[in-house]
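Pasting the structures in now, so scroll down.
Below are two complexes that have chain A in common, paired first with chain B and then with chain C.
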Partner chain A sequence: MPDPIVRVEDVGLRFDKFTALDGVSLSVETGQCIVICGPSGSGKSTLLRCINGLERFQAGEVFVDGVRVRDNTDLPKLRRGIGMVFQHFELYPHMTVLENITLAPIRAKGVPRAQAEKLARDYLERVGIADQADKYPGRLSGGQQQRAAIARALALEPKVMLFDEPTSALDPEMIAEVLYVMRDLARGGMTMLVVTHEMGFAREVADEVIFMDRGRVVERSGVKEFFTAPRADRTKEFLNKILVKF
Partner chain B sequence: MQYEFDWGMLLRSPYFGWIVEGVLTTFHLALLSWVLALTLGIVIGIFRVTNSRALRVIGTAYVELFRNIPLIVQLFLWLYVAPQLLPTETRLWWNRLDYVPYWTAVIGISFYTASRVAEQIRSAILAIPPGQFKAALSTGLTTTQTYRFVIVPYALRIILPALTSEFLTIFKNTALALTIGVVEITATTRKIEAWSFRGIEAYTVASLTYAATTILVVVFMSWLERRYYIPGLIRREREAA
Partner chain C sequence: MDWKVVAANYPLLLKGLLTSLQLTFVAIAFSLPLGCLIAIGRLSHRTWLSRACTAFVNVLRSNPLILILFWFYFLIPLITGQSVNDLTSIIIAFVVFFSVYFAEIVRSGIQSVGNRQIQAGLSTGLTYAQTMRFIVLPQAIRAMMPALITQCIVVFQGTTVVYVIGYSELLHTTSMIAERTVRPVEMYLAVAAIYFVVCYSASLLARRFEKGRA
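Showing the complex of A and B:
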């Protein structure tokens, strides 16, 4: 068994009196797609931000590709190997889609401009919006914006991709186009950690599902088992609520 | 009113030469001060919002010091008091410099205006969604790169209209430099009036210089606003209708 690409060990994080993460441990192997779900405030997004050092945790350890994440880590270097996709896209509105994607490769990785632009156009092609390269994000639909944001993260050629509720801000019609892109990525062997409530996506694409509540990992199991035979009562309660049947 | 206008005198020697020199002095005093004020203002504005406590304290101290003392008092302080605080060698070097009043005015006006620019930059940065920082950092950009390539260009676009006002203010504030002996266009006007007793003609020149220039600046800035407006984010008036 090779070392996991992401290893989170007993991580704890408190904001004043609120405990956001309470002894969370998990590991992700290369090529795995893991879905994290749970009620809001359960620490899912915070956990993702601990993995790329956007959030400082007080207890425990995080390793990404063998590098320990802590205060004196070379965070820019670490983050170049981790792609992140946000709920609200967070494209830079004053730059074209192409500029959004090439900024980090050029400035953070030192890729020559021409090469970075070619790379960007390849990834735009891959997410299906090659024709939007020279537009500003404000001119794109939500689904197109999120696909551009995925292309921006992919252009780092990361070892692992973190998705933080990538479809939560989208209209129903646009959710599918983003999920297709993510499914293709997972099938292409990308290592992915996805915070989402899209249970259809989890069922079809994920290798494993993690259920979090109140800053703890309540349950981690294979997809089939998670949906058909959840172990914890809290998981059953959650699934009953979100898989509403009329 | 019995007053015979003589507009032609403005084109005669020595007045015409004085006017040209006065206008040019006003222009480069304003432009040089503006470039310095904008640069310093951006840096101080960033200081005020960084995570570093030390930088925040420096930024806040700067802004409160320079925006709470009248500009004219600051000019006097720079001219009469500041040199006294310099080491002897440096003071002698400074005093031997040509155009000491001019450089004093540049320092005074730009330091004062930087405090105002800094506040605008700060408010613009606070208006930018925090996710923009996270997104930029998550791609491996350093904090400095994040400010340089993402946050500052974004902030400047938000505050372009305010910066227009700020430039108009600095341009008109250059008139205060006459109090410390800089012969810009207002001082020139007073000189012409004193020599020729033709106050109306003389002050018309000063007024027109300011008004015509500011109008040109406004036209230029509205072009700049159109050029750098952010599609879908900053609303254009035509879109608003």
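Showing the complex of A and C:
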């Protein structure tokens, strides 16, 4: 069995007196799509941010593609291999969509401009907004902005993609178009770690679901098992709350 | 009222205005970059650097410009035992004094961009310096343009303090003419008009930037 692409070992993180992560361990194999869910404040987003070194954790270890994150002296290099998509898109408002996408390839990876632009247009095509390349983010709908942000992350040609509640800030009618792009990515073999409350997406696309609460991993299981036969009481309670019964 | 005195001394006034503007431009040209460095220092995670910059800002902001000018004009030559050229001490005093005001404007401009944009930049593998240069500063500069222009007006008005050491900028020139011609009312009204025109046009520019953002 090959080494997992992301390995989180017993990670602990405290902010003053609040324990954000309390001994979290998980691993993601290449090509897997794993959904992390749980109530707000359970540490899901914090966990993602520990994986690409945006958050410093005090205990445990994280390895991405065998590279140690803690005490890493070249975080930019590490992050070039990890795409991240944020809840509020975080496109750069003073740059066009195309410039948003080419900035990191050109400046961080040294890709020639012409090649970077070609790559950017390819990814915009892939997320279905090739015609928006020269507009400023403010001119795009929320769904288009998030797809542009996904293209920006993809343009790094990352080994793994982290999604931090990518649809939580979107109007309902725009959620579908973003989920469609993500499903397409997962089916294309992209390794994905997705924090989301979209249980429909989890059921359809994820290989495994992780349930977190109060900074701990409560349950990790295959999709079918997670939804039909959750082991932990806390998971059952959570699922009962969020799964609307008709 | 006899406005001929103003017309007769027009070249002198113009020369005074030019001197004031030159002082203003040189002061801004050095204090703005220095202000940027201080702002970045204040925002730094290195506690000692952040504290040092904060202390510098607080000390300078708690003193009047004229006192800072005295410091550099009278005290530094006394302490070092070396005579310092008038213009040099004026410029140093202005740069030191105004840099902290620019620093505060730049700092709030940078903070207005927000941490999430920085994290987005970092997450794509840009270094912190690149994130600052390509993502934060361009947005911050747009946000702080109106305040920066307003501060430049304050610098221009501040150049009048060199009056006390007899440096011939616009106000000092005017007072000399007023004394010589015994026409203080006309001269001081005329100079007020000049200050108004310069400052008000600059503030109109600031307003345009403000509108451009909305």
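Keep this in mind: the second predicted complex is superposed on the first by the 243 of 246 C-alpha atoms of A that agree within 3 Å, B and C clash if a C-alpha of one lies under 4 Å from a C-alpha of the other, contacts with A are read in each partner's own complex, and residues count from 1 in each chain.
Here, a contact is a pair of C-beta atoms (placed from the backbone, for glycine too) under 8 Å apart; a residue touches a chain by one contact, two chains touch by 3 or more.
Given the structure is predicted, the values throughout are model-derived calculations rather than measurements.
K.L.:
Overlay done on chain A, so just call it for chain B and chain C: clash or fit.
P.N.:
Clash - chain B and chain C, as placed by superposing on chain A, overlap.
K.L.:
Which partner chains sit in contact with A:77 here, chain B, chain C, both or neither? Use first/second/both/neither.
P.N.:
Both: A:77 reaches chain B and chain C.
K.L.:
Is chain A touched at more residues by chain B or by chain C?
P.N.:
B
K.L.:
Using the superposition on chain A described above, determine whether A:137 touches chain B (first), chain C (second), both, or neither.
P.N.:
A:137 sits against chain B, while chain C stays out of touch.
K.L.:
Just to be sure I read the superposition right, which of the two partners does A:86 touch: chain B = first, chain C = second, or both, or neither?
P.N.:
In the superposition, A:86 touches chain B and chain C alike.
K.L.:
Considering only touches as defined above, state whether A:31 meets chain B (first), chain C (second), both or neither.
P.N.:
Touch status of A:31: no partner.
K.L.:
Tell me which partner A:109 touches in the superposition: chain B (first), chain C (second), both or neither.
P.N.:
The answer is both, since A:109 touches chain B and chain C.
K.L.:
Quick check on the superposed pair: does A:222 touch chain B, chain C, both, or neither? Answer first, second, both or neither.
P.N.:
Neither partner.
K.L.:
Would you tell me the residues on chain A in contact with chain B in one complex that are also in contact with chain C in the other?
P.N.:
Residues 49, 52, 54, 75-77, 79-80, 82, 84, 86, 88, 90-94, 103-104, 107-109, 152-153, 156, which sit in both footprints.
K.L.:
Quick one: in the complex, what on chain A touches chain C?
P.N.:
Interface residues on chain A, with respect to chain C: 49, 52, 54, 75-77, 79-80, 82, 84, 86, 88, 90-94, 103-104, 107-109, 152-153, 156.
K.L.:
Given the complex with chain A, which residues does chain C contribute to the contact?
P.N.:
116-117, 119-127, 130, 134-135, 138-139, 142
K.L.:
Spell out the residues on chain B that touch chain A in their complex, using ranges where they run on.
P.N.:
129, 131-132, 134-142, 145, 149-150, 153-154, 157, 228, 230-233
K.L.:
Applying the document's contact rule, which stretches of chain A touch chain B when the two form their complex?
P.N.:
Touching chain B from chain A are residues 49, 52, 54, 75-80, 82-84, 86, 88, 90-94, 103-104, 107-109, 135-139, 149, 152-153, 156.
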